[in-house]
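Chains here go by letter, A, B, C, D and E, matching the order in which they are written, and residues are numbered from 1 within each.
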Amino acid sequence: MKNLFNALVIVLFAVLGLTLIWVILELQPPTHVHLSKQVLTQLDASGVTHPVTAVLLNFRGYDTLLEVMVLLLALLGVLAQIGKREQRNLSAWFRLSQPYLQVLLWLVRMIVPLMVLVAGYLLWVGGHQPGGAFQAGAVLAAAGVLLNLSGVLPSWAEPAWNLRTGLVFGLLVFLLVAAAVMVVASPGLLLQYPPASAGMLILLIEMGLTLSLGLILAGLFLFLSGDAIEDEAEK
Amino acid sequence: MFDPIPWLILLPLAWGCLAFLAGVGRGGRLAFAGLIIQLALTIVLARQIAMEGARHYAVGGWGAPLGIDLYVDGLTGVMLLLIHVVTLPLVVYARAYFSCQAEGVGYFWPLTLFLLAAMNALFMSADIFNIYVTLELLSLAAVGLVAAAGSAGPIAAAVRYLLVTLLGSGAYLMGVALLYGTYGSVSLTVLGPLLAATEISAAVFLAAMLMLTGLLLKTALFPFHFWLPPAHGSAPAPVSALLSALVIKASFYLILRLWFDLFAPLVTIPVAQLLGGLGAAAILWGSVLAFMQVRLKMLVAYSTVAQIGYLFLLFPLMMLPIPEAAESALQGGMMQLVAHALAKAAMFAAAGVMVLSAGKDDIALLSGMSSHLPLTLFAFALAGVTLMGLPPSGGFIAKWLLISSAVNGGQWGWVAVMILGGLLSAAYVFKVLCQAFLPPVAGVKFKPVRRVLEWPAFLLALISLLLGFRSGEILSLLGGG
Amino acid sequence: MSNLVLDLLLVIALLWSALRSLMTPNLFHAVVLFIVFGLLMAIVWVRLHAPDIALAEAAIGAGLSGALLLDTVGYLHKKQRESLS
Amino acid sequence: MNFNGSLPLLVLASSLVPGMIIFFLPESRIRLRTTLNLAGAVLKLLLIGYMLWGVQHDQSYVFRYDVLPGLELIFKADALALLFVTLSAALWFLTTLYAVGYLEGSPHRSRFFGFFSFCVTATVGVAMASNLFTFFIFYELLTLSTYPLIVHRGTEAAIRAGNVYLAYTFTGGAVLLTGIVWLYGLLGQVEFTHGGVAAILGSEHTAQLQVIFLLLIAGLGVKAALVPLHGWLPQAMIAPAPVSALLHAVAVVKAGAFGIIRVVYEVYGIEFVQTLNLLMPLAVVAAITIIWGSLRALWQDDLKRCLAYSTVSQVSYIILGVALFGPTGTIGGVVHLVHQGIMKITLFFCAGNYAETLDVHKIIEMNGAGRRMPWTSIAFSVAAFGMIGAPLTAGYISKLYLSQGAEMVGMAWANWVLTASSLLNAAYFLPILYRLWFENQPQMWLHERIHVRGRWETHRLLLMPPLITAAATLAAGIFADTGWSPLFWVKLIAEVEFTVK
Amino acid sequence: MSSALIYACTGAALFVFGVTGLILLSHLLRKILAFNIMGSGIFLVLVGLGQRSGTPDPIPQAMVLTGIVVAVAATGLALALVRRLLHFTGEIRLPEEP
C-alpha cells in the first residue's frame, strides 16, 4: 500500500515535471509588458543606479518591508522554542576541547574584521552595483557564525533589551522612514520617496537593515546552536 | 481625505516590532490599544468603500506593473472588518487566558500582531508575488503560534503544518513564476485583462493548477485537511481560535480572488464541480470525525474541516446559469465565511475555558459543566447554533442563501449535502452539550476561572448569532465594492 | 559553444548533487552535498547575470543554511549517541 | 416605526427581556426572578388584550424588517395569530405560577426560567410570524429553547429523551427548510394571505407544489406529532411537569399544528390544496394519528405517558378539522387548538400535582387519590371529560363542529373516526377517574411530601392553575355562544378564510 | 536554446525533486533539504523564464532575493522546531498521521 502510494506520487510528479519542462520550452516571450525596460526608464527616479536595488528598495520596496518582517517572525518562532536558559559562555569550553579548532580560531581572528569591512563595502556599493543590505547582512551573520564556531562568541540565550533593540532596529527604521515620508513628503502615500532624497533614504534604510538582518540571520544560528549546550548543562 | 490603507499596513507591523521590543510575555495592552485604532481605521475604510466603491492604491506611487498595487473592494472591507472584530475580543481573552496559564505566552503578542499584519496586507494586495510574501508571513506567524505551547504534541503538529504550508507556498510561487514568464507581470490588475484578452497557453493552465492546489493545501480542504486538526487542536486556545477562525479564511479568500479575478477565463464547470465535491466530502467526513473525537478541542478542529466544506460549495453554485442563483451563492458563501469565523472563534475560546477549568482536554470530563460555567457553555451552544445553521444566526442566513441557490438551480445533491451537514453538526455540538448537562462526576473538581475569560467567547457567539439580522449591511458592503 | 558545455555540466552537477543529497543514506553527506548544491547554485546565478543573487545564495543559501543544518546534524548525532549509551 | 407597528415587538420583548435578565440572575434572587416573570406575563396579557380590542376595531399591527432584500421579517397580529398568542400568553402566565411552586427549592432555576421565557417568546413569534421565513426562524428557536427544558433534570434518561427530541425536530426542521426555500424560489417572498397565494402558479408547477406541500407538512408534522413522526413526544414527558404542560398544550405540538393551519389556509389556500388532491391524504393521516394515539394511550401504565399519547391523538383533531373542506370543519379544528390547550394543560398540571405531592406516577398508584386531593381531582375529571367530549365542556364544542363539518362535506368516515376516538378516550380516562374517586386510598401515601402542603391539599401555587384552567374548560363549553368565547373568535377567522374569494 | 532556458528547465526538474522529496521522505531533515531544493528550483524558473531573451531582468532577480531570505527564515524555524521535537521525543520523524 505504502509502496503503491510512493510509486503513484513519483509517477505523478514525473509527469508534472515533464509537463513543466514542455511548457517552459513552448512558452512564447511576453509581448504586452516589458518590465525590465520600465525599470531602466524609471531608474533615475528611484534614487539608486543599480536596477536590482532599485526594484528591491523602491519599486517593490513594500515586498522587502514584509520580507524582513518574515525574517524577524522566523526568529520569533525560534526564540519561542529555545525557552529560558542562562547565558553562559560554555561554547568556548565545549568546542575548544578539540585541538584542530585552535587553528580555526587563529584564522577567524584574522578573517572577521575583514568580513565586517566587506559588509560595509557591500552595503555602500549596493546603490550602484551588485551588493546591498541583504548581502551585507549575510556577511555579518557569517562572521557571527564563525566567531561562534571558533568559540569566541557564545551562543545566545533569551535576548535582553539591547539585543532585542538591535534585532528590530533596522525594521523600525524602515517603518519610521515609511511613516515619516507618508506624513511629511507625500501624504497618504506609502513608501513614496521624493526622488531627490530617495537615495539618502534608501541608504538609511539599508544601513539599519544591514545591522538588523545581520543580527537576525546570525541569531537564527546563535540561538539554535545553544541547545546542545543546554542539554549539556542539564546533565 | 484621510486614507487608512497605508496605516492599516504599517501600524500592525509597528505593533509587532514594539511588542517584541517589550519582551517576553509583554504586549497585550499594546495589542489591545493597537487593535482599537485599527478597528477604527477599518471602519473608516469600509465606509469609504461603501460610498466610493472599489479602488486601487499604488504603493510607492509607481503603479502596476512596475510597482505593487493594492486593491480594496467590498470583499476586502468585509474581511478586514471581520478579522478586527474577531481579534479584539480574543485579545482580551488571551490576556486573561495567559494569566491563568503561562504556557505558550512567550512571544504570543508579537506573533499575533504580525499575524494580523499579514492578513491585513494579504487582503489588500493585488500583486501575486506580494501575496506570496504575505502568505509566508502569515504561515510563519501561525506556525510559530502553534509551536509556542512547547510540548511534543503541538510541536509535531507545528512541524507538519509548517511543511504543508511551505509546500503550498512553493506550488503557489511556481505558478507565479510561470505567470511572470508568460505575461511579464505579477500584478493582478495587469494580468486579469491580459488573461481575458489573449489565448490561454498551457503554462497558464499549469500555473492556475499549481496555485489553486497550493492554496487548497493551506485552506485544508478535504483531502488536504490532515494537518489541520492536530495543529488547531493542540495549540493554546486563543491561538486555535485565531487560526481556525481567520487564518484558513485568508487562503480561501485568495482562492476566491484568483478564481474570479484572474482565472475566470479558464474555470470550467467540471473543475467547479470537483471543488464542490471535495467540499461536500469535507462536510460529511469532517462532521463524522468531529463526532467521533474524545477531545473537545479536536472536535472543534474537525468541525472546522467540515465547515470549510460549505465555502467550497459556492464554486459549483456560482457556475449556475441563473444569475440570481449565482449571486445568492456568493452571498451565502461569504455569510458562511463571516459567521463561521465568529462562531469558531467563540467556540474555541469557550472550549479553552472549559479545558482550563477541567484541567484536561477530554469531553468525558465535562459532566456538570452546565452548572459550573453556564455562561461559557451558553456561548459554546450559541456558536453551535451558528455552525448548525439554525436561525437567527448568520450561519442560517448563509445556509438559506446557499440552499435557495441550489434549489433554484435544481442542484438537489448540494441541497442534500447541506441539510445532512447541518444535522451532523447538530450531532457533534449536542454531544458536548449533553455531556455538560450530566450531573458532575463525584470527586471531580473544576478549577475556578476568571469571569473575564468567559465574556469574550459569549460576545463573539452573540455577534455570530445576531449577525443574521444585520446580514443586509454585510452583503451590501460586499456588493458595494 | 564552450558556454553551452559549461551550462550542461553545471546542470548535471546541480541535478546530481540535489538528487544525492536527498537519497544518500548518510545524513552528514547529505548536508555536505546540499552545501555543494548551494555553491553550484551560486555559480548558476553568476551565469544568469545575477551577481546579487549569487552573493546572497553563497552567503545565505549555502553558508548560513549549511551551518544551521550541520549544527543540527551534530545535535542529532549527539542525541542518538546519548540514547544509545 | 409607529406604535402599532412596534406592538408585536413589544409582545415578544415582554417575555424575551425578562428571560435574558433572569438567565444572568444568581440562583438566590427568587423574589426578583418571580416578579420579573410575572410582570412580563401580565404585561404580555395586557398588550394582547389591547391588540384584541384593536383588531376587532380594524386596527392592524404589523412590524417589518428587511433582513436581506427579498427576505423580510414580518410580524403581524392578525386574528388567527391573536388566537394563538392569547392562548399561549394566558397559559404561560398560569404555567409560570405553577412552575414557581413546582420547582421551589430545586437547583438551576434561573436557567430554567430563562429558557422558559425564551420558549414562550418563540411560541409568540411562531404565532405572529407572517411569512414562512419568519415562521421558520421561530419554529427552530422553539426547538432550541425547549431542549434545555426537556433535559433540565440532567439525568441519563432526560438526556436520552432530549437526543430523541432533537433528532426528530432537527430533521423535521431541515425538511421544512427545504420546502420553504423551494417555495420561495417559486413564489418569491410571500406573506400569509387569506385564501392562499400558491394558486397563481400555473399548472406546470403542480407536481412541484405537491412535493413542497409534502415537505412542509412532513416538517411541521414532526412537531405536530403526526403518526409516524410522533416518536419524540412520549419520550419528552420525562421533562418537569410545567414543561410537559407547556409543550403539550401550547408550545411545541401547537406550533406544528398552527403551522399546518397557516400552510393550508394562507399559503396554499384550502381550495387550491383541494384541487391539488392533497386534502384527502392529510385527512387520512390525521385520522390514523387520532386512532393510533388513542390506542397507544390505552396500554400505558404511566400517567404522563398516557397523557402524551392522548396529545398525539388530540392534536390531530385540529389537523382533521383543517382537512375537512368547509367552514364548519375549520371552526372545529381551529377552536380545538384552544380547547385542547386548556384541557391538556389542566391534565398535566394535575399529573404534576399527583407526582409532586404524593409521588404518584403510575396509573395504578392513583387509587383513592381523589379523596386525598379533591380539588386537583375535580380539575382532572373536568378536563378528562372534556377530552372525551362530554357536553358542557370545551371538548364537546370541538367535536360537535368537527362532526358537523365532516357530514357537510360528505366525509362520513371522519365521523366514525371521531366516534371511535371518543370511545377510546373514554376507555382510558374513565378507569383513571374510577380509580381516583371510587377505589380506596392506601393506608398511607408512602412518599407524601408534607413540606409542600400548606393549608391546602398541596402547594397553593400548584393548585390554583389547574382549577383556573378547568374552570376555563367548562366556561368555553357553556358560554360558547357569547362574544368572548374562543368559538366566537374562531368563527370570525373562518369567515375571513372562506369568504375572501 | 539560451542558457537561461536550460536553467529554467533544470529549475523545473529541481522543483519536482523537491516536492517529491518533501512528500515521500520521512526524515525531517531531508524534508527540509527537499524544501530548499524545491525553492531553488522555483527561483531558477522565475529568473530563467524571465531572462529567456538573454537580457538580465532585475524584477525576478529582486523577487528571488526576497525568496531566498524567506526560504532561510523558514529553514531556521523548521530546524528550531525539529530540534525541539528531537529534544522531547528523540525522534526525527513525524508520528504517523492520526
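Here, a contact is a pair of C-beta atoms (placed from the backbone, for glycine too) under 8 Å apart; a residue touches a chain by one contact, two chains touch by 3 or more.
Since the model is a prediction, treat every value here as computed from it, not as a measurement.
A.B. asks: Going by the touch criterion stated earlier, list every chain that contacts subunit A and also contacts subunit E.
C.D. replies: Correct list: B, C.
A.B. asks: Enumerate, in label order, the chains that touch subunit A and subunit B alike.
C.D. replies: E
A.B. asks: When A-C is set beside B-E, which has more C-beta pairs in contact?
C.D. replies: B-E
A.B. asks: Farthest from subunit C in C-alpha centre terms, which chain would that be?
C.D. replies: When every chain centre is compared against subunit C, the largest gap points to D.
A.B. asks: Specify the chain with the shortest distance from its C-alpha centroid to the centroid of every protein C-alpha atom present.
C.D. replies: Central chain is B.
A.B. asks: Taking each chain's centre as the mean of its Cα atoms, which chain lies farthest from subunit E?
C.D. replies: For subunit E, the chain whose C-alpha mean is farthest off is D.
A.B. asks: Taking each chain's centre as the mean position of its Cα atoms, how many Å separate subunit B from subunit C?
C.D. replies: That pair's centroid distance is 38 Å.
A.B. asks: Please compute the C-alpha centroid of subunit D, do the same for subunit E, then give the distance between them in whole Å.
C.D. replies: The computed centroid separation for subunit D versus subunit E comes out at 68 Å.
A.B. asks: CA centre of subunit B versus CA centre of subunit E: separation in Å?
C.D. replies: Here the centre of subunit E sits 27 Å away from the centre of subunit B.
A.B. asks: How big is the gap, in whole Å, between where the Cα atoms of subunit B centre and where those of subunit D centre?
C.D. replies: Each chain reduced to its C-alpha mean, subunit B and subunit D end up 43 Å apart.
A.B. asks: Can you list the residues of subunit A that touch 2 or more other chains?
C.D. replies: 20, 24, 27, 35, 39, 52, 59-60, 63, 67, 70, 73-74, 77, 81, 134, 217, 220, 224, 227, 231
A.B. asks: Subunit E: which residues touch two or more other chains?
C.D. replies: In subunit E, residues 8, 13, 15, 18-19, 23, 45, 48-49, 52, 56, 59, 61, 63, 65-66, 69-70, 72-74, 76-77, 79, 81-84, 87 touch at least two other chains, as defined above.
A.B. asks: What is the complete set of touching chain pairs?
C.D. replies: All touching pairs, sorted by chain label, are A-B, A-C, A-E, B-D, B-E, C-E.
A.B. asks: Where on subunit A is subunit E touching in the complex?
C.D. replies: 6, 9-10, 13-14, 16-17, 20-21, 24-25, 27, 29, 35-36, 39, 51-52, 54-56, 59-60, 63-64, 67-68, 70-71, 73-75, 77-78, 81-82, 134, 217, 220, 223-224, 227, 231
A.B. asks: List the residues on subunit A that touch subunit C in their complex, please.
C.D. replies: Touch residues, subunit A against subunit C: 52-53, 122, 130-132, 134-135, 138-139, 141-142, 145, 149, 217, 220-221, 224-225, 227-228, 231.
A.B. asks: In the complex of these two chains, what residues of subunit E are touching subunit B?
C.D. replies: Within the complex, subunit E contacts subunit B at residues 8, 15, 18-19, 22-23, 28, 31, 35, 38-39, 42, 45-46, 49-50, 52, 59-60, 63, 66-67, 70, 73-74, 77-78, 81-82, 84-85, 88-89, 94-95, 97-98.
A.B. asks: Can you check the complex and tell me which residues of subunit E touch subunit C?
C.D. replies: Interface residues on the subunit E side: 3-4, 6-7, 10, 13-14, 17-18, 21, 25, 27, 29-30, 32-34, 36-37, 40, 43-44, 47-48, 51, 56, 61, 64-65, 68-69, 71-72, 75-76, 79, 82-83, 86-87, 90, 92.
A.B. asks: Touching subunit D in the complex: which residues of subunit B?
C.D. replies: 331, 370-371, 374, 378, 385, 388, 390-392, 396-397, 399-401, 403-404, 407-408, 415, 419, 422-423, 426, 430, 434, 437-439, 468-469, 471-472, 475
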